[in-house]
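Two complexes follow with chain A in common, the first pairing it with chain B and the second with chain C.
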Partner chain A sequence: MSSALLPKPQMRRLLARRMKFHLFGAFLLSVGCAALYKFGVADPRKRAYAEFYKNYDPMKDFEAMRAAGVFESAPPK
Partner chain B sequence: MLHLEDFSLVDSITVIPLLAELLFFCIVTSKRCLRRSQKLEWVCLLFPCAAGVVKAEDFSLPAYVNRRDVPLPEVAFVKDLSAQQKALKEKEKASWTALSVDEKVELYRIKFNESYAEMNRGSNEWKTVLGGVLFFLGVTGLILIWQKHYMYGPIPHTFSDEWLSMQTKRMLDMRINPVEGISSQWDYEKNEWKK
Partner chain C sequence: MANHLQLGFQDASSPIMEELVEFHDHALMVALAICSLVLYLLTLMLTEKLSSNTVDAQEIELIWTILPAIVLILLALPSLQILYMMDEINEPDLTLKAIGHQWYWTYEYTDFKDLTFDSYMVPSTELPLGHFRLLEVDHRVIIPMESPIRIIVTANDVLHSWAVPSLGVKTDAIPGRLNQTSILTARPGVYYGQCSEICGANHSYMPIVVESTPLPHFENWSSLLSS
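Presenting the complex of A and B:
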């Protein structure tokens, strides 16, 4: 047993300290996850769909598919 | 839909390593509980690892427990004090500043079995657990290899490379998933995969 006194540990507001730490962390984590998803997944996906449909010609696409022979009711010419 | 009769008896071979692992962990956990108790009593497997000898009539009396969430158990750890300890308990009734450090430690040890530091000490059990898990996963892998080689029949012809390439070509012709999926990775002008 050491003869020198140990520093007095924190006796009060232990839950408050823990709660503050965890609330802060939880808020940051959840906002971070949401932001990551938005900028990593949602926005690129929206951009990809916008790009695809910007110059999309459905009839041209249909003729290409028909030529490949995938339709039963619309055989290739 | 999968029915019970679709599982053959041979498929149940895969369950054996899982049962063996379950048995292994029951043994490891019960060994851990027994190690903590001082006497080999069956009661120590049921109660939260209460220390000390438990006679039949002591069941109804409050017991000492070494638990993090019970800082002050109902009874002291040492029930039957020696003459020296009895004298110390008498001295405790007087001013505590008269007690030496060793006497204070002795009083603590009378009241409690382990300090919080001793109670919360880590162990090397995780190595055993991890090793056991990996070992039994390996055994399962070996069983699966044996099954594939000796037991199962050939896979359907639709998994052959020729069929798969015909299948992929048809998917591209149908423009499956043209925005983000497979057809978006195909270059229709050059008739090859996009770089």
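Presenting the complex of A and C:
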């Protein structure tokens, strides 16, 4: 009777293998979170400021606020 | 001013505040990366998928020494850049003094006209409709927009602090000391702040209101007030 031999399983450095796997995963997760924040919050905020100031007319803004009675030094006409 | 339940910064109204908001995003991103890493590892340890049963850990010790050093450098470089940017020589067009008292501010424009006034909070009982409770004052600090302004801050009695969050300014008012700060408003508008150093019973009731207007209106206002 012949018995098929199973391949010898890995018996050493199992914790090291698991640690390497999970540490790699942890770093990926943390970089992913940072990337999510960067592309979801930080970059849109930078773009919003750039867009706001691209065609910003301070005098037009001032006149609109003045008409609304916002200023103490410049009452509405 | 801040809206109800607002968690983040107010919209930046000066170039320095824009830089600070960007740096805060950067620092928060780093903090988020570190916190998510720690939380993940903690979860692994608590669910027994990871343990610290190891006697020789040279590689990981190297990683968790070098990586934090890199992170600290990544935080320090933009921080120092902004710090030095705040102290750049910018030849201000106007100098004004802000003097803290219990419990109001005095402003002195002594550059070209001898203009001095006190700024008291408008009590809630006298507040016109549509105005902001505990933030409005009887006399605002009027400054010309898009011009560098030097502000010398001091106090007459106890410690106060002159703060306007949307301009990125917070300067301690210390009796017997002159602290200097510089502001540049990128847009016309009205910017609110509050005393930021505990100074007694009415510490919460001595706000600061900066009004940024075009130069002709500022000149008109200053001639009216000093006459």
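Just so it is clear, the second predicted complex is superposed on the first by the 66 of 77 C-alpha atoms of A that agree within 3 Å, B and C clash if a C-alpha of one lies under 4 Å from a C-alpha of the other, contacts with A are read in each partner's own complex, and residues count from 1 in each chain.
The rule is simple: a residue touches a chain if its C-beta (ideal position, glycine included) is under 8 Å from a C-beta of that chain, and two chains touch if they have at least 3 such contacts.
Just so we're clear, the structure is a prediction, and the values are computed from it rather than from any experiment.
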| item | value |
| --- | --- |
| Superposition on chain A - do chain B and chain C clash or fit | fit |
| Superposition-derived comparison: chain B or chain C, residues of chain A touched | C |
| Chain B versus chain C as contact partner of A:Leu14, first or second or both or neither | neither |
| Which of chain B and chain C A:Ser73 touches, first, second, both or neither | second |
| Partner chain in contact with A:Tyr49 - chain B first, chain C second, else both or neither | both |
| Which of chain B and chain C A:Met65 touches, first, second, both or neither | both |
| Least C-alpha distance (whole Å) that remains between chain C and chain B when both complexes are overlaid | 5 |
| Chain B/chain C common contact set on chain A | 45, 49, 61, 65, 70 |
| Chain A to chain C touching residues, read off their complex | 15-16, 18-19, 22-23, 25-27, 29-31, 33-34, 37-38, 41-42, 45-46, 49, 53, 56, 58-59, 61-62, 65, 70-74 |
| For the chain A and chain B complex, residues of the former touching the latter | 1, 45, 48-49, 52, 61, 64-65, 68-70 |
| Contacting residues of chain C [partner chain A, same complex] | 12, 18, 21-22, 25-26, 28-30, 32-34, 36-37, 40-41, 44, 49-51, 53-54, 60, 139-140, 142, 145-146, 186-190, 211, 213-214, 217-218, 220-221 |
| Chain B residues within the chain A interface of the complex | 101, 105, 170, 173-175, 178-180, 184, 188 |
